[in-house]
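Scrolling down, you'll hit the structures one after another.
Both of the next two complexes hold chain A, though its partner changes from chain B to chain C.
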Partner chain A sequence: MALLEVENLSTHFFLRRGTIKAVDHVSFSIEAGETLGLVGESGSGKSMVASSLLRLIAQPGRIVGGAIRFEGVNLLSLDEKQMRSYRGRRMSMILQDPLSSLNPVLTIEDQVGEGIAIHDKLSGAALRDRVIEVLKLVGIPAAEKRLRDYPHHFSGGMRQRVVGAIALACRPQFLIADEPTTSLDVTIQLQYLNLLREIQQRDGLAMLFVTHDFGVVSKMCDRVAVMYAGMIVETASVREIFNNPCHPYTKALIESVPEVDEKVDRLSSIQGQPPSPLARPKGCPFVTRCPVAMPRCAGEMPPETKISEQQQVRCWHYV
Partner chain B sequence: MSEPLLVVEKASKSFELSRGVVFSRSVGSVRAVEDVSFAIEAGQTIGLVGESGSGKSTTASLVLDLNKPSAGSIRYNGVEINRRDKEAWLEYRRSVQAVFQDPYSSLSPRMRVRDIIAEPLETTTKMSRQEIDRRVAEVVEQVGLPPDTPRLYPHEFSGGQRQRIALARALAPKPKLIVLDEPVSGLDVSMKAQVLNLLKELQESSKVAYLLISHNLADVRYLCDWMIVMYLGKIVESGPVERVFAEPLHPYTRALLSAALPHHPDHVVKEEIILVGEIPSAVNIPKGCSFNPRCTYAMPICRELVPARVGIRPQHEAACHLYPEVVAASGGTPASKEN
Partner chain C sequence: MTLSTGTEQATTIHGSSPAPEVARPRSLGLASRLPWFPLAVLVIFVFVAVFAPLLTSYDPLGMSLPERLKPPSHLHPLGTDTLGRDVLARLFYGARISLIVAASAVVTSGLIGLAIGIASGYLGGAVDAVLMRLTDCFMALPTLLISLVFVMAVGPGLTTVVIALSIVGWSRFARIIRSEVLSIRERDFVALAKIGGAGQVRIMVRHVLPNVFNTFMVITSLEVSGCVLSEAMLSFLGAGVPTPTPTWGNMISDGMPYVSTAWWLMVFPGLALLLIVYSMNLFGDWLRDFLDPKLKQG
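Let's turn to the complex of A and B:
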C-alpha cells in the first residue's frame, strides 16, 4: 500500500458567477521515500491539490468528493481535531514565498518551536535543543546564536531554510513543497534542492513537489503528474515524460521551454490561452488549443489510458 | 569602424546611505555598479546575467537614464547622454525604450491601452492624433493582439497579453534599443514561449537592439548573441553567448551554468558546482576579487588584488586570477604555475 493515495479528489469553489472546478477528479499515489512532481501552468490547480491534501481549503471552496488516504486512513472522514494531529506532524508543507510564510514579529525560535511544542509537548531547554537541532539540519550556520533573530535578519535563501525547518520540525513522513525555490537565485536553488534531497534520503521522506520548472523535476522527482485546467492529463516516470510524452499538452509544454544545454532557433509555443475556469470545454479541457483535436474531443471527456506500468494519459488518441 | 549604437564606458554607480530624517547624514555608500564597460551594436542582443544584487538592474537604469552614473560615461551614437540639449534628450528618450518584469504594475490600470501605447509618442514626437492612432493600431497588430485592444483597459488582459501591450508601447516610437528587464519571468511557460518568439520576430523585422536582463540562462542562450556576467556590481566575464556556454572562463560563470538544471534526466550536468554561502552585501564588499569567499579556486592573490578584465580568448574576456594574463594586467607578479 502506498503511503498516500488520492482518489478522484475534487475541490470546487462556489462563486456567485458560477462554480470553479479547481481540482477535478484527481487521482495519484506516492510511496514512502518517493517524490512525485506536479507540473502545470498557473491556474492549473497544482497548489489547490497541495492545499486540499492538508484540508486547508477556505470558503467559498470545498472538497466535494473523493478520498485522500494516508497510511490507509481517509483524511476526509476525520474531524478537525483528528486532522490537526496530521498537519505539521505527519504531513507538512513548504510554500513558495519565504517572506510571507514567516511571521515578521515572532523570533525564529518561536516559529520553529511552535509545532514541536504542540505535537511533541516539549518545553524549556528540551524544546530549545530540538529547535537548534532542526535549524542545523537545514544548514543554518551558528544556529544557537540565531534563535532570537527575526525573519528580516535572514537572506531569502536562509529564510526558505527556516521555512524548511518549520516543516521538518516534527519529522513528517510526507512533505508538500509548493514551488519552494521559485523565489531563490539559481545557485541558492541548487543548495536548497540538494539539502532537501539529503534530508529525504536520510529520513525516507515522501514528497509532492509542485513546480513549473522541468529542470527541478528532473533533479528531484521519480514520477511526474501533468495538470491542465484542474485535471491530471498525464502521469509517468520522469524518463518516460521526456522520452515518450503522450498527451499533446505535455509534448507542447516540454517543447516550449528553452533549454540551457542546446541552442534552438525557434521555440514551439502553445497557441492561445488556458480556458476560463468558469467556462471549461465539455470534453477534454485542452481541446481549444490542441493541434491534433478531433470532433470527439470537444464532446466527451477522454478516459484514463494505461501506456506502461507507470504511464497513464487522458487523451482520445490513445483510447 | 564607426562607433556602436550605445557605449557604456567605465560606468560606476554608488548610492549614499543616510541616517536620520531631518538632519540626515551620510553614513557610507553602497557600490551598486563599478567600472562597467560594454557596447551594443545596432540590431544586436546582449544578455546581462547574474543573481539578485549583482547590479544588472542598476546597469539597466543607467542605460535608461533613470539614474546618473557616479563616474564613467554612456554614449549614444557617439554623444554623451548626460550632456545633451533638449532635442537630443528627446531623441534619446524616443530611441531607447523599456519593458519591465511585472506586466501588472508596469501598466496603469486607469488608462486605456490606446493611451498607454500612445504616451511615448505624445511626449517625444510631434505626431498628430490621427498619426498616433494609426501607429497604435500598427504596433498592436505587430505584437499579435486583436484590433479592438486599444479601447480596452489592462485588466481585461492576461499576463502574456499585458506583456505584449508593454512591448507594443516600447515599439511605438520606433526605438533603436529596448531594455528588457526580466520580460518573461512573470509569465507562464506557454505564454513565455510566445513572448520570446515574438521578441525574436520583432527584432528580425525591425532591426532593434535588445539589452536583456535575465537570471535565466536558457532565455539568454535562446535570445542573445553576446552575454555579460555580473557579480557584485562588476562584470566578471563577457563574450559571444555560444563561446561562453561552450567554455566558461570565470568560476562564477561555471557555477551559474552548473546550477541551471537541464530538463532531460539523461542530460547530466558535467560538474556540479555548489557555491558556499550567498552573495555578500554590497555595503561590505570583500577585498580583492569580490567572488573570492565563495570561489573553489581562490588563491592568496585573489584576496589581495582586484582582477582586471582582459581578453583570454578572441572576444572572450574574464576577470579572474586563474589566468596569468589577468594577473599581469592587474599589476601582480604571475605565479609560476602550470595552468
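Let's turn to the complex of A and C:
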C-alpha cells in the first residue's frame, strides 16, 4: 500500500461569478521514500493540490469530493483536531518564499521549536536540543549560536534552510515542497536540492515536489504528474516523461525547455492561453491550444489510458 | 567619481584604500534621533506624579483662608486658590490623577481593543462582521457625551471615569489593529504555522500578536494624550473625579470665575495640560515614524 493515495480529489472555489474547479478529479499515489513531481504552468492548480492534501483550503474554497488516504486513513473524514495532529508531524510543507515564510519578530529557536512543542510536548533544554539537532540536519553552521537570531540575520539560502528545519522538525514521513527553490539563485538551489535529497535518503521521506522547472524534476523526482487546468493529464516515470511524452501538452512543455548545447534563435512556446477557469471546455481542457485536436476532444473528456506500468495519459489519441 | 584620475582608480581597484563611506552615525543613532523635548516633559510628568508628596510640603487639600488668592510668591511659587490651597501642590497631585486615569483607561481600552481587533481580523467571517458592527456603534458615539451620561448614571469617581473613557476608547484600537491583522494573516509564516499543526489561538497569540505590537504602541501613545484631555474635560464639567481631590480639569473650572483677578488659577493647570498633550502627540508621531519599517534601514 502506498503511503499516500489521492483518489478523485476535487477542490472548488465558489465565487459569485461562478465555480472554479481548481482541482478536478485528481488521483495519484506516492510510496514511502518516493518523490512525485507535480508540474504545470501557473494557475494549473499545483499549489491547490498541495494545500488540499493538508486540508488548508480557505474560504470560499472547499474540498468537494474524493479521498486522501494517508497510511490508509482518509484525511477527509478526520475532524479538525485530528487533522492538526497530522500537520507538521506526519506531513509537512515547504513554501516558495523564504522571506515571508518566517515570522520577522520571533527567534529561530521559537519558530523551529513550535512544531516540536505542539506535537512532542517538549520544553526547556530538551526542546532546545531538538532544535539544534534539526538546524544541524539542514546544515546551519554553528547552530547553537544562532538560536536567538531573528530571520533578518540570515541570508536567503540560509532562511530557506530554516524553513526546511521548521517543516522537518517533527520528522514527518511526507513532505510537500511547493517550488522551494524558485526564489533562490542557481548555486544555492543546487545545494538546497542536494540537502533535500540527502535528508530524504536518510529518513525515507516521501515527497511531492511542486515545480515548473524540468531541470529540478530530472534531478529530484522518481515520477512526474503533469497538471493542466486543474487536472492531471499525464503521469509517468521521469525517464518516460523525457523520452516518451504522450500528452500533447507534456510534449509541448518538454519542447519549450531550451537545450544548453543547441543554438536556438527563438524559444519555442505553447500557443495561446490556458482556458479561463470559469469557462473550461466541456471535453479535454487542452483542446483550445492542442495542435492535434480532433472534433471528439472538444465534446468529451478523455478517460485515463495506461501506456505502460507507470505511465497514464488522458488523451483521445491513446484510447 | 566620474572625474576621478587614473591613480585614484588604481587604489580603489587594489582595495588598499576603500572609498570613504558616508559616515553613518551608528553609535549615537538612536540617541540623536530621540525626541528629547517631549521625552523630558513626559519623564518629568511621571516623576512629579509619582513623587508628589516629596516635592512639596503643602497639603493639596489644606485650606488657609487668610492665604487665599495670593499671587505667585517665594512661599507659594504658583500662588494660592480661593480656599488658600497651594496651586503648585494641587498641580503635582493633579498630575497623579491624570496619570492614573490615562494609564488605566488606555491599558483597559487597549487590551479590549487588541483582543477584539485580533479576533475579528484573524477569524474573519461572521465573527468579524459582528465585532466590527459593534465597533462601528461604539465609534459613532461621541466620547464626551457618552462619558458624561455614564458618569451621571453611575456617579462620579476615579473608577467611573476610567470605565467611561474605556467604553469609547477600545473601538479605535480594535479598528486599526483589525486592519493590520487582515494583512498579517495572509503572510506565509501564518500558513507555515498552520502547516505545522498550530491551532487558531496559538497562531493569534504567537504569530499575530507580536506583529501588531508596533501599531499597538503607536495608538497607545496617541490615545494617552486623548485620555488626559478627556479626563480634564470631564473634571472641568464636574463629571470627573469629584472635588476636593485636585485634578487639572477642576482646577481650571474652579479658577474660571477669577480669571480677571487671579490669572494663575487657570493658567498653570492649563499650561501643564497643554505641555503634556503636546509632548505626548510629538512622542506618538516620532514613535510612528521610528517603528515604520519603510523608514528603517536594513
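Heads up, the rule we're going with is that the second predicted complex is superposed on the first by the 313 of 319 C-alpha atoms of A that agree within 3 Å, B and C clash if a C-alpha of one lies under 4 Å from a C-alpha of the other, contacts with A are read in each partner's own complex, and residues count from 1 in each chain.
Just so we're on the same page, contacts are C-beta pairs under 8 Å (C-beta built on N, C-alpha and C of every residue); 3 or more make two chains touch, one makes a residue touch a chain.
A quick note: this is a predicted structure, and the numbers were derived from the prediction, not measured.
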For A:218 in the superposed arrangement: first (chain B), second (chain C), both or neither?
first
Give one of first, second, both or neither to describe whether A:167 is in contact with chain B, with chain C, with both, or with none.
second
Have a look at where A:188 lands relative to chain B and chain C in the superposition and call it first, second, both or neither.
first
For A:84, decide between first (touching chain B), second (touching chain C), both and neither.
second
Once the structures are superposed on A, label A:97 by its partner contacts, choosing first (chain B), second (chain C), both or neither.
second
Decide which partner touches more residues of chain A, taking chain B and chain C as the two options.
B
Have a look at where A:254 lands relative to chain B and chain C in the superposition and call it first, second, both or neither.
first
Would you tell me which residues of chain A are touching chain B in their complex?
41-42, 155-158, 185-191, 194, 212-219, 238-239, 242, 252-254, 256-261, 263-264, 266-271, 273-274
Along chain B, where are the residues that touch chain A in the complex?
51-52, 158, 160, 188-194, 196-197, 200, 215, 217-219, 221-222, 242, 245, 255-267, 272, 274-275, 278-279
Note: in the complex, chain C contacts chain A through residues 124-125, 187-189, 191-199, 202, 206-207, 210-211, 213, 298
Chain C contact footprint on chain A (complex, rising order):
54, 56, 59, 84-89, 92-93, 95, 97, 100-106, 110-111, 114-115, 118-119, 152, 163, 166-167, 169
